[in-house]
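Note that chain A is present in both complexes that follow, paired respectively with chain B and with chain C.
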Partner chain A sequence: MKNRLKVLRAMRNWSQAELGDHLDVSRQAVNAIETGKYDPSLPLAFKMARLFGLRIEEIFDDESDGGQHG
Partner chain B sequence: MTNLTEANMADPQDSRRRPLTPRAKRYWGSLIGAGLLGAAISLLLLPLSIEAGHNIGTGDGGFFDPFENPINPTLAVLVSALWMAGLLMMCLIFYRSIDEFEERDYLWAGTVGWYAMMLTIPAWHVLWMGRLVPPVGIWWIFAIGLLSNNAVWMWRKFRK
Partner chain C sequence: MLNLMEAQMTDRDDADNSNARATIWIMLAALGIVMTGGAIAGYWSEMRSDGGDPLSPPGIIALALFIAIIGGLAYSIWRNAHKIKASGDPLSRREKLNNRILVGSGSLGAIIAVILSLSGRAGDGRPDVFSNAPISEPVALLLAFTVGVLLPLVSWYWHKKVIDEQEEAAYRTGTLFAMYAFWIIAPVWWLLWRGGMLPAPDGVALYLMTTFIVVIIWFWKKYR
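Moving on, here comes the complex of A and B:
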């Protein structure tokens, strides 16, 4: 699943490890999510959304729905 | 306004030493604690077992022979209880501190460790039935499971 995590992190000038600290997960988890190798659980996705003050769908892009959002 | 380029979107990590978070402290503490517990028990038992071997004249030079000799039964109960309680406690701390991605790593490592034993034991036993190899050694199996588990866990944990 594509996401904007890398951009959002860069806007705050955080390292992957620092973002991991904010989310209470490992640097490897952040790296795997950023590179699309791993899709986070719903609780972790909500945590990211709260951290960046965005909605989940503003961070993650579900390519399977053809980009149509209600 | 922040100008985002590939350069500053790259992970600016590792030049800054940061203190471990409480979660990371529990994570590494549990792993190091389990390792130290196993090392301490081995170091405690090794001289006692070697001495017992000398007293009864056993040991043909096998790698794990020093751990095959009889020791004091009370000590055996105490050490096994210490191992079970200690390792259980470390496992609980570990499980409560890993994140969801590390949980996947742990499952991968556990699965590979399991299959390493499932492949090895029957094959080794059948070869022994043909008297081609010595009988299955429990500590060799333990080592195979542990090493394959650790190899996969470290590969997944430390890869970039």
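Moving on, here comes the complex of A and C:
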């Protein structure tokens, strides 16, 4: 699943490890999510949304719906 | 705008995604040190039981060779650890705790391997650590307590408090593959043994196989 995590992280000038500390996950987990190799659980996705002050669908893009969000 | 920013980002995290290769070398070198340590212990006890002198000229050459191998492997660990450090790859809190537990467990495993090497009396050609040779009752009780009580406690803490959901998923996948490998290979081996085509199923070999599969898939899923 595509996402904007890398961009959102860069906007705050955080390293992957720093974002991992904010989300209480490892750097590998952040890397795997950013590169689309791992889709986070719903609780972790909500945690990201709260951290960045966005809705989940503003961070993650379900490619199956063509990226169209209301 | 955001796409442009993404294209221009070259933070050091992206330069080296996981340090997986260096980590693999460190793990293999550590395993090699444990195996070589076991080989030294086995060689030493074999020489003594045969009435030979381990410190005779040929014995010294053999020991020097073993020690050189350990030295080379230790250098490899140092070099790869230095490489990881030099990459500026920062660690999150969970990873630091994770690494400490891994190093602790690895050290405990090495101690168990050395104790087994020194205690075993294998005559079936396999390394003492993995043989079915008899060991003394106190050693058996101590090691059974370590594996049967301490290992589950550390594992429970590790799964509950240390690893995150991505690593948990990597474990689940590795365990699933290992479980199916066991479910298929163990009965096939047993049936072929009953048919007189294979030697009796070996519990240690099956244990090592399932462990190997879990570790390989866990590593691949976590660091790929």
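We take it that the second predicted complex is superposed on the first by the 68 of 70 C-alpha atoms of A that agree within 3 Å, B and C clash if a C-alpha of one lies under 4 Å from a C-alpha of the other, contacts with A are read in each partner's own complex, and residues count from 1 in each chain.
We adopt the following convention: a contact is a pair of C-beta atoms (placed from the backbone, for glycine too) under 8 Å apart; a residue touches a chain by one contact, two chains touch by 3 or more.
Just so it is clear, the structure is predicted and the values come from calculations on it, not from any experiment.
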Original post:
Where does A:S41 make contact in the superposed view: on chain B (first), on chain C (second), on both, or on neither?
Top reply: both
**OP:** Could you tell me if A:N31 is touching chain B, chain C, both of them or neither one (first, second, both, neither)?
**Re:** both
Original post:
Looking at the overlay, what does A:R4 touch: chain B (first), chain C (second), both, or neither?
Top reply: second
Original post:
Once the two structures are fitted together, what part of chain A is touched by chain B and by chain C alike?
Top reply: 6-7, 10-11, 15-18, 21, 24-29, 31-33, 38, 40-41, 44
**OP:** State the interface residues of chain B toward chain A in the complex, per the touch definition above.
**Re:** 2, 4, 8-9, 11-14, 16, 18, 21, 23-24, 99-102, 104-105, 156-157, 160
Subject >> In the complex with chain B, residue positions of chain A that touch it >> reply: 6-7, 9-11, 13, 15-18, 21, 24-29, 31-33, 38, 40-41, 44
Subject >> Touching residues (chain side chain C, partner chain A) in the complex >> reply: 2, 5-6, 9, 11-13, 17-18, 89-95, 98, 163-167, 169, 222-224
**OP:** Over in the complex, which chain A residues touch chain C? Could you list them?
**Re:** 4, 6-7, 10-11, 15-18, 20-21, 24-29, 31-33, 35, 37-38, 40-41, 44
